[in-house]
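Below are two complexes that have chain A in common, paired first with chain B and then with chain C.
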Partner chain A sequence: MFRFRLSSARAWRNVVTAISALVDEAVFNIDPEVLRVRAMDPSHVAMVDLEWRKEAFDEYACDKPLSLGININDMLKLLRRVGEDEVLDLYLDEAAAKLFLKFSGKYIRTFSMATLDITGEEIPALKVTFNTKARLTTKCLLQTVEDAATISDNIRFEATQEKLTMGAQGDMGTFSVDLDRSSEALLDLQVKEPSKATFSLNFLSQIVKAAAPSSDIVTIEFSTNIPIKLSFEIPQGRLEYVVAPYIE
Partner chain B sequence: MSWVSRYRPRSFKEVLDQKEAIETLMAWYKNWKPGSKAMLLYGPPGCGKTVIVEALAQEEGLDLIEMNASDFRSAEAIEARIGRSMAQASIFQRPKLFLIDEVDGLAGEEDRGGVGAIIQIIKGSKHPIVLTANDPYNERLRTIRPYCQLVRMRRLGIRDVQRYLERIAELEGLSIDESVLKIIASRSQGDLRSAINDLEVLGRGSRIIRDEDLSSLGFRERQTDIFEALQAIFKTKSLMTAKLSLNEVDKDLEEVFWWIENNIAEEYEDPLEIAKAFDALSKADLFMSRVIFRQNWKLQAYAVDLMTGGVALAKREPYRKFTRYTYPSNIALLGRTKGERSEALKALGKLGSILHCSRRKVRAEFLPYLKIMAKRPDFKERLDAFMEASED
Partner chain C sequence: MNPGGPIPPPKKSRVLDPSTFGFELAKIVEEPAVLSDLAIREGFLRFQAGEGASRCVACKGARMLCGKTRCPIILRVSSFFQVVPKISSDTLAGSTPPGVFVGRIGYPHVYVGPLTPPILGDTTLLDLPELWIGRKIEEIVAFRSMLVRGKTRAKVSDVGIGGRLLEAITELALASKPVDLELTFDRPPRGSMLLDDEVQPFGPSAIVKKMKVGNAHWDRSVQKVYADTDLKASEAVLTLYKEGVLVTKIQRAFSIGAFGLKPQRRLVPTRWSITAVDSIISNALMAKVRELPIINEYRLYEYDHLDNRFEILMIPSSWSYESIEAWYPKTIWNPGGKEIVYFGDYEDYGGRSSYASMGGCYYAARLAVTEHLVGEGRQASVLILREIHPGYILPVGVWNVRESVRSALRNQPLKFNSLEEALGRIAERLEIRLETWKRVSRMLRLFLHQRRMGDFLEKI
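Now for the complex of A and B:
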């Protein structure tokens, strides 16, 4: 048995959007305490790690651990039908292998969708140590990746003791943004060693766009030419991404 | 877990046979740098194409990204799925290796774009890519081949398959006669995967397997590839063997004809033998054209006998050597000049409609003179202008 209720259906749409940045299908691992999704894109360039604790829901019930294969694109399609201030009830009919989404506003609308019989790829834990850790507003990061995307397909991150620089270079010209310690957007900066790495905006901007509605503050961790980790702060639990660097 | 995956080789050492292919694959991987060719492994089903790539990833500690060409319905799907990630490292911080299985399964005409997309990916990739196929001479792969290093994997020997089955039977604690294993192995015709599947079907039913249980497995027909057919024809002295070699070949008779034609001189060394073989082949050709002109398909049997048996019996003794049979050069030529020829045909048609005669007549009676006249620049200009004007 599994069901939950959220007074804001929009919040759930944001969660599913955040996953959809990387995968079309995902396995939801659900137990009595927490709902967890770990997925990576088919070519191992990026990974999402999402956790929503029981307390984050208005009601949450699950009697035994279970894995649910979900077609993320399909679910997002249904969630796009959500209106303002609607309440979402989501429940599973295990026998029929169907998931029901009930939107309650002025009247009650119910969608059902099939669950998928998929087993997620076992994702080994990542062993990465980072030299740079920066905490900044999601708004600033979102604007930066969108700015960079107008110039190039890639974005460069560079950190020194004094500042965090993000920039891009393309046929048209260049773009860069400097955040020093006095910047309002930069909340914290810890640098063990100066670091520099480039990432594909193809992945990064989709991720930041998808996560921005759920979170105001993001911590980025990186070192020279290793994957970058983005931890978006959400009250309900955890929303993290890892993205592999671009090979120059 | 199915037995096929449970008993899958994890290292080169566990892979049956295929030593040459493994060495070539290793050398290719070691020398690979961006811009190098992709690797196209080809061979019959169940001979270990995917397995040796997995073993390579295992031994070298690579992050292997496996996909099947049938997942790609269109060029866009390929682009979305892997195109955008060919320049990215792996989140696991290991070198990446891409494996696209069964590229000859890129379905149908509408997937021409898919082939193009794969070529683009090969050209721009920062990671090595391995493709696998059963038949590398599949028409759809014509444009991919120049971007690949081709490595052929041989069909596994029945003895090897049988030994592998023996090991599995022992580990699974099956009580099974050697003779039964032998039948399963020989029915598989070297397809280890299907042999293991057959054994699993029997073994899941009961621990003790006897001869009569075999009847529960249907008959499995297998296509042989053209190389094996050629080998049968060129190495045998028996008319029957040569004739039967074509029974399960997945090519039409005319293509087989050209394969034989192209390889006679590669195999036979004595000019007299070569002459005899071509003599038989020319008679086969005569029958083949009569089949078409008279629509008398009974005659095809004679064409088959002459091109297989006739060629086989042209030699005194089989040659004890390995011959690399090559793709018919005239089919390759026709493929290369497809565009030009259809252009030429169009021009002939146009002249024909102006001159009120057939294309054949234009080609035979007008073209030679037009060519001479076109040597004068002013005439050529006018002819070009005229041809262009009559375009509409």
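Now for the complex of A and C:
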């Protein structure tokens, strides 16, 4: 048995959007305490780790752990129909292998969709140490990746004790943004060692765009030529992404 | 190191002798063909090369980027074929292969009509590019030039209501075997070869006044989707493809407006219909490819056709696709250039939503590649490198790419354990330096520089 209620159906749309940045299909691992999705994109360059504890829901009920295969694209299609101030009740009919999404606003609408018979791959833990940790506004990061995308396919992150620099370089020209400790967009910067790494915007833009509706604050962690971790702050949960580096 | 066996020595490139055409290539390529003040749209050319030359590669006689109403390169080349068709009568009896051509000039008011040679009998070969692989460019041009294009004006929405002539043209277009025709024109057919980068060439044309049609036999499957006016056009295409109907036949029926919901049926200019069909089929195949297990090794398929040199690299990774063509100076679309002009398009796992800048070849090759992967039940990232050497003096249509890639994939691939080894072989086979390919290819850059998550995770 699995069901939950959210007083804002939009919140669930944001969750599904956040996952859609990397995968078309995903396995939700659900137990009585927490709902979790951990998945890698098909080319194995990036991964998403999402966790919503039961406190994040208005009502949450699950009697035993279960895995739920969901077509993310299809679910997003349904969730695009969500109106302002609608309440979402989601429940699973295990026997029929069907999910029901009930939107309650001025009147009640119910969608059903089939669950997928897929098994998620076991993704081991990350074995890297980060030398730089920066906390900044999602707005700033979103604008930065979009600016960089006009110039190049890649974006470079560079950190020193004084500042965080993000930049790109392309045939057309260059772009860079410097955030020093006085910047309003940079909330915190911890640098153990100066770090520098480059990442594909193909992944980074999609991720930041998809996560932006869920969170206003993001923490990025990186070191020279290892993956970058982006942790978007959400209440009663976790929304993290890791992207492997592009070695120039 | 190389499970595919010993590596054969690189084949020597075969350059066609232009003198076999009865004219000197130099006449075509002497001067930079197109130079004008028309601005090129931003982003149109991905790689800059010699002035003028790259614009022609982008345009291939279709987009009129130089601002002239007819492509000067096409005009110059086709003028040498003025003498080919000798038809002095205003009547013609022959068997259409069957073939039809729908023009695009004046859209939505277009010319449509049958392609018919002055020969009675089995003319199937003349309009079935699936049978042309391995034939010389001269031979293809020679038999295509016999095809007389009969035409009548129609509005693209006239399908089903355009009168008896259009109806008769539709019926013969759907025939499975050649159909005998007696055509009466308004005047003896005139004009030179039509040459186009996407459409296979054909001969002179005239307005059809009267047409007598012999017996036409239809493929049952074609007849069925034609009669089904509740079936969407794309579903009709896929249905026929699954039933083994040749792509050329599907494309012919598509252009004549034989598919789709009744009120939506339209004539589709031949040029567009080719890419539409390639795109519809390969999109459906791509969806299957994404579900399949990934190949275990790096593979290389090699092929030469009409002085085009193909290297098809398959990388053991999830689906992505890139096609790059390199036009040598003195090839048709780079006549005055001093440097090789590169043109390419890439799509990642998710596919693409914008039209590929290099045009129909991109989709034709994608069809051949996905068809192979689905047939084998495997997934891979596929990179096509195509060097177009100066022996490719005439545009013959995108079928050349589709059938070349299909032929390449019918061969046993060379197999390698690493990308470096596969690239080593490419460096031996292709003239263009590997460093250049690495610079031009987005896929190579990604695979050479993009690390994967597996390198940074604990072992299970």
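The criterion applied here is as follows: the second predicted complex is superposed on the first by the 248 of 248 C-alpha atoms of A that agree within 3 Å, B and C clash if a C-alpha of one lies under 4 Å from a C-alpha of the other, contacts with A are read in each partner's own complex, and residues count from 1 in each chain.
Going forward, contacts are C-beta pairs under 8 Å (C-beta built on N, C-alpha and C of every residue); 3 or more make two chains touch, one makes a residue touch a chain.
Everything quoted here is computed from the prediction, not taken from an experiment.
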Fit or clash - chain C, chain B, common chain A: clash
Contacts of A:Pro42 with chain B and chain C, given as first, second, both or neither: both
Chain B versus chain C as contact partner of A:Gly167, first or second or both or neither: neither
First (chain B), second (chain C), both or neither touched by A:Tyr246: both
First (chain B), second (chain C), both or neither touched by A:Leu126: both
Superposition clash, chain C versus chain B, among 167-175, 311-319 or 329-337: 311-319
Residues of chain A contacting chain B in one complex and chain C in the other: 40-47, 124, 126, 128, 200, 202, 226-227, 242, 244-247
Complex contact set, residues of chain B against chain A: 63, 65, 67, 81-82, 84-85, 87-93, 96, 98, 126
Chain A-touching residues of chain C, taken from the complex the two chains share: 290, 317-320, 348-349, 442, 446, 449-460
Complex contacts: residues of chain A adjacent to chain B: 40-47, 124, 126, 128, 200, 202-203, 225-227, 242-247
For the chain A and chain C complex, residues of the former touching the latter: 40-47, 122-128, 153, 200, 202, 226-227, 242, 244-248
